[in-house]
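In what comes next, chain A is part of two complexes: it sits with chain B in the first one and with chain C in the second one.
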Partner chain A sequence: MKSFSNGAKNGRARYLLGSVKKQPVVLILIVISVAFSICFPDRFLTYLNISSIVSQFVTIMLFALGPSIVAAMGSMDLTYIGIWMLGGIVLWRLTPTLGPAAILVIPVLGVVTGWLVGVIQVKAKIPSFILTLSLLVAYSGLTSLLSGGYPRIVRGYEFITAPLIPYVPTELVWTVPLIGAAVFIMRSTKVGTYLYAIGSNEEGAQLAGIDVQRYKILAFTISGLFTGLGSVIQFQHLGGSVPLALNLNTMVSPLVAIVLGGTLLTGGSGGPDRTILGALTYVVLYRGLYISFLSPEVLQLLTGLLLVVSVVIASRELRSVIVT
Partner chain B sequence: MAVPVLEVKGVAKTFDRVVQALRGVSIAVNENEIVGVVGENGAGKSTLMKILVGVYPPDAGEWYYKGTRTSFPKNPNEAAKKGVAIVYQEKGVIPALKVYQYLFLGHEDKYMKFPRLATTEMRRRAREITDEFHITCDVDQFMYELPLSTQKMIEIARAILGLRLEHGNDHAASVVILDEPTAPLTIEERQGLFSYILDMKKTTSFILVSHMMHEVLEFTDRVYVLRDGSLVAHYDLSRESVTEEDLFKAIVGKTSFEHAARDEGPAVPGEEVVLETRSLTKRGSYYDVSLELHKGECIGIFGPAGSGKSEIVKTIAGLMSFDSGTLMVKGEVARAGEEPHVRLTRGVGYFSGEIERQLFFNWPVKENISIVNIDKVLRRRGRIINFNAERQMAERITARLKIRTRDVNANCRSLSGGNKQKVSAGRWFERNPDILLLEDPTIGIDVGARKDIYEALKEMKSRGMSMLLVSDDPKEYSILCDRVVLIKNGRLQREVDSREFTEAMST
Partner chain C sequence: MTVSIPEWLRKNTGIVIAVVAAIAVIGIFQAINPFFLSHQGRITLVYAMSYFLIAACGLTFVIMMGSFDFSVVSLLKLAALLCALYIDSIGLWVIPVAVLVCAGCGFINGLLFVKFKVPSFLATLGISVVVDGISLYLSRGFLHVITNRAFRSLSVTFFAGLPSVFYWAVGIWIICTFVALCTPFGRRIYAIGGNPTAAALCGINVAKHRLCVFTISGFLAGLAGVLYMAQFGGGSIEIGADMIIPLFASVVAGGTALTGGIGGPHRTVIGVILITWIQAGMSTLAIGRDIQLLTLALIAIGMSIVTTDRTMVSIIK
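Moving on to the complex of A and B:
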């Protein structure tokens, strides 16, 4: 009897340990939050800092939602910055003629881009990483071309981020349902299950009777839709202006959030829900280091190192899997 | 008789203190000889080979090189110094390298002209080698440009070359292990490879590990048969005449057929033809295959590995295309090049024993079962999963197939091999397709799990499911099939009923 209860206790302890092992990032998040609160009590837990954390969290989540769906399927989608930039500049061109309805151009651009990436990737059988990276560069070029060489400010869309609820940033109010929709699609629908299946074992998915090509195209299209919808908010969130230069940091942070959250870029696990944790952890760490007066260069260095560490941690799960 | 080049005695190996992979096996290889090693999957062949090349240390045993006792090699490098090398079944060739680069891979330091490689010298030497071994290729060609059989020849040449470089002597006696060398090759390419190996025999000894009985009988000088980790037979083919049936019986064990006897009379298959092939041909794999599968019937296609049997099943599953002929599923023409998901909507399921290809190891058991049956657990509206229904379905299946798991949320990787395979079988048990293709459905699992899978398959059959079986295990045909079609070199031979087949195999 004694050994039995002992065993049960052991089992529960092991289960707890196991879930922390599965999501080591929860532990990291708690530890760094506590540590920063103790080290910088007068700077970390302030209204200003917390609203910065929320603001940066929104930025990262809006960019990372689509790609984290694609990453769970074992592919890569880097077009998000491109959709945001190109969408913004097309909006600048169209607003004078179309009025506020022109804002719809961004989601449309997202869906079309995603669909195009999916079709090319499936038909030409090329790695999605290099394909979407190339497309990103092309979009960035097109943005410069359409802008006439100057960063542009688009007015008339301030209503997107107009205050709705006191103390709660409106960006966050719009972002939460988007995150909810992405998590719901991935966790509770047939489409989501099939995408995880493809990411976990593509041949197995094929043998289970899944139309792998069709669902791959669908995944990129969904990703494009989320990036497009996200970019509408992002556009106003980041000041309603269109930059012309690719910012490495803006591009890499969503990837760090995805990997840190535990979505292996080889697919089959993680997803948007895990990315929430990853984004939160990343932002807390970033802000914590920021208020400790480290220079931006050092912050960038640490971001890169963090990516390496999180990839190593995330891929421990992969030990017995052959990565292809 | 001359002293053998290599001899091992009483080799034993136990894994995890329980699984006895080898129980005191002794084999010898003479100079200029090809020795065959055959046995079922799990009989201990590959464990023995891995011990010979130093991948595993043995628990017990003696190693003699030309009659002198030395120790077992501790790693593949040391094995090479002792004159033993292996050519694995797959993944040995590096397609992106040129022939001469591949030949000297790992031995570049012998051709260094600091700071660069002496490529001219390497090319010249490589040309000498390809000439010596009668390989027709240009040393500047890329490996991927060459036919598979030539790639295999170069791989073998590279193994021999490696041994010579280790010895620094072109004529040291050496042993090269060939693990299923012809598995990926077409029938025509196999002939070419073997005439090459027979030619190489003048300077090198070979150990041939193969499932293909006719190859073993035709090309080896002596054959060792392993079963359950023990040596059960040894034939000297120059003195005794041995047939494929003799080998099969030695491999499987005579008595095992009695256990395998059917416990019920053959079910009466329906009249309706659910699957039909007319003159189906895939050049290099099978030719002119015509079959009719009735409702509720199980047909076995029996032949040695490489006879085209598994390619036929893969074609019907949608994993391979065909060149000519007609494939009809339930009266409708199925085009060549249809994907597996199209074939599944036609009612064709594919169950292979290679579970790592089919299952999602990082997923819970329940999702592994529901992925094939997802439409049954969706809510009426939308494509939203009803997690309760999913769990109940999985619980029903695990109970029915006696799948031993903590619960249906347990990760599939944590299950034993036999239970993993039952999960894979459980998918199809729930899905209940009209036709289920079986490829080695119980490969590499223990007797208890086998029995459960056979029972499940029989129940599916009694529901009216039709099946097509290919396997390396003749017992399986006796247990599952109503009739068996024999195949050889890609062409169907005669047809026997289940009883005839069992008798032919067990007498």
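Moving on to the complex of A and C:
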């Protein structure tokens, strides 16, 4: 009996060790959480800081969900901020005529954008990151065009973030099922398996009989759907208004979360489940540094460095892959 | 060998569209606003085009090699701010320092790409965020003005009715074109862009050439930044905001395909003329920056579609 439980313990320990090896970010997360708690005991473990961590985690997670699906397929989707910005302004335009039903316009916009990106990417064969980047800039132009040059506040959607459960932010309550759906699609459905197959070897997937073009378009559409649904929450979460100026640096945080989680951007591995850990680690690190004595400029510098370093670490197994 | 006109047109769709569009754009804006090509209008256009062309040449090398360099704008900004910040303490030595710092950043880009196998757009995106952080840290977000006359004369001395920055740009453009078309180095870059595996099998040291090209891109971005600062005489962290899309648009509008191996600096000049004149023309018509960016982004997407030869490529991520 004793040896059995020892064996089980050994097995569990090995399993834990294996998963840590697979996801070294867990270690980083634990180390930085402990380090910050020791360094700033009176500031890190406060209610204010933890709720900031949760709220920032929600922001990053909602932006990163769709792109991490696309990244697992080996492409790139940078339109998330564009969908959020344009969606917010279209919502402002439509609310007076359509009433609260106008909120549906954001998911619709997301799906249409994703589908459009997919079709252009697949048919015209343009690298997805540059296509989505151009589209992002086009959307930001359209946003300031439609807004008439002023940031607009849309009222009437406070119900989205109205408190449901005491002490738990409602945004988080809505985000969890979204994450669950994304993880379910990628881990337990045929679509997810096919997308991983396309990500690890597109030619092989084609030869294996997968309709690569169709599934690529589908992946971008799903990504757009998740970004659109996320933007509904995001919109209220970030104050019921959207900025008009596009800051390309805000685009980077979700990417850091994706890469830090261990999704190789060349595709075939990772996915939304990994992004959860990446986002959490990034946010804890960011908040920890934020409450320390560093100036905001240094924070931005460190964010960039973090992206570079995590990409380098994530790419360590790619010795034989051709990258462009 | 004779080539029939329709075939020639089909093979050179990108360049034909760019030239026709450039002439059309100039004609339309001239018709709407007769001051567009007046002496003052020409000088404004030359000012807007020159530093832009230098930066675009660097980006062209990277794109025709099949990669992408996101950090051009950030490096331009860094070089410009370095000049403004340190010209009083180290004098004109600031010029080589700024350019070399940018070349060094380009080298790091190349190193990340070549040694660590990081996809180039992601590596350069990361570096550009780091560089922006450095710029912000050094400049503290303030506006910095240069009063040093010797430094300013780098760009604003007039020869034969045109500012010196124009001659810098033309000189660098000629050198870049020469390097791309007439040297073994340039031809090897085309080969790498066309097919890196085949190029490696032909005995080309792909890694070394990629490293070189990213360094050149950083170097030219730094040079563009120095000339930018000499031309404008001041600037803050806002330098070059949302310039990446016009830059990218001008490279693809010239006919350099994103898949690599096609195009080159000699074509980029047409794209730069097209894009800067569209921007300038829209500005003279009081069309806002939002619509300009929207137009440029659509041009960028459209021209990428036109220039890509879809019979040649199988997999695009």
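As a working rule, the second predicted complex is superposed on the first by the 298 of 324 C-alpha atoms of A that agree within 3 Å, B and C clash if a C-alpha of one lies under 4 Å from a C-alpha of the other, contacts with A are read in each partner's own complex, and residues count from 1 in each chain.
In the analysis below, contacts are C-beta pairs under 8 Å (C-beta built on N, C-alpha and C of every residue); 3 or more make two chains touch, one makes a residue touch a chain.
Since the structure is predicted, the reported quantities are computational estimates derived from the model, not experimental observations.
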item	value
Chain C versus chain B on the shared chain A, clash or fit after superposition	clash
First (chain B), second (chain C), both or neither touched by A:189	first
Partner chain(s) touched by A:211 [first = chain B, second = chain C, both, neither]	first
Partner chain(s) touched by A:203 [first = chain B, second = chain C, both, neither]	both
Which superposed partner A:164 touches (first chain B, second chain C, both, neither)	neither
First, second, both or neither for A:145, with chain B first and chain C second	second
First, second, both or neither for A:75, with chain B first and chain C second	second
Contact breadth on chain A, by residue count: chain C or chain B	C
Touched partner set for A:39, first chain B, second chain C, both or neither	neither
Residues of chain A contacting chain B in one complex and chain C in the other	203, 321
Contacting residues of chain B [partner chain A, same complex]	317, 319, 339-341, 344-345, 349-350, 352, 357-363, 367, 370-372, 374-375, 378, 382-385, 387, 413, 427
Contact footprint of chain C on chain A as seen in their complex	74-76, 120-121, 124-131, 133-135, 137-138, 140-145, 149, 202-203, 246, 248-249, 252, 255, 259, 265-267, 295, 297-305, 307-308, 311-312, 315-316, 318-319, 321-324
Chain C to chain A touching residues, read off their complex	66-68, 112-113, 116-123, 125-134, 136-137, 140, 196-197, 242, 244-245, 248, 258-260, 288-298, 300-301, 304-305, 308, 310, 313-317
Parts of chain A lying in touch with chain B, wherever the complex brings them together	188-191, 193-194, 196-197, 200-201, 203-213, 268-269, 317, 320-321
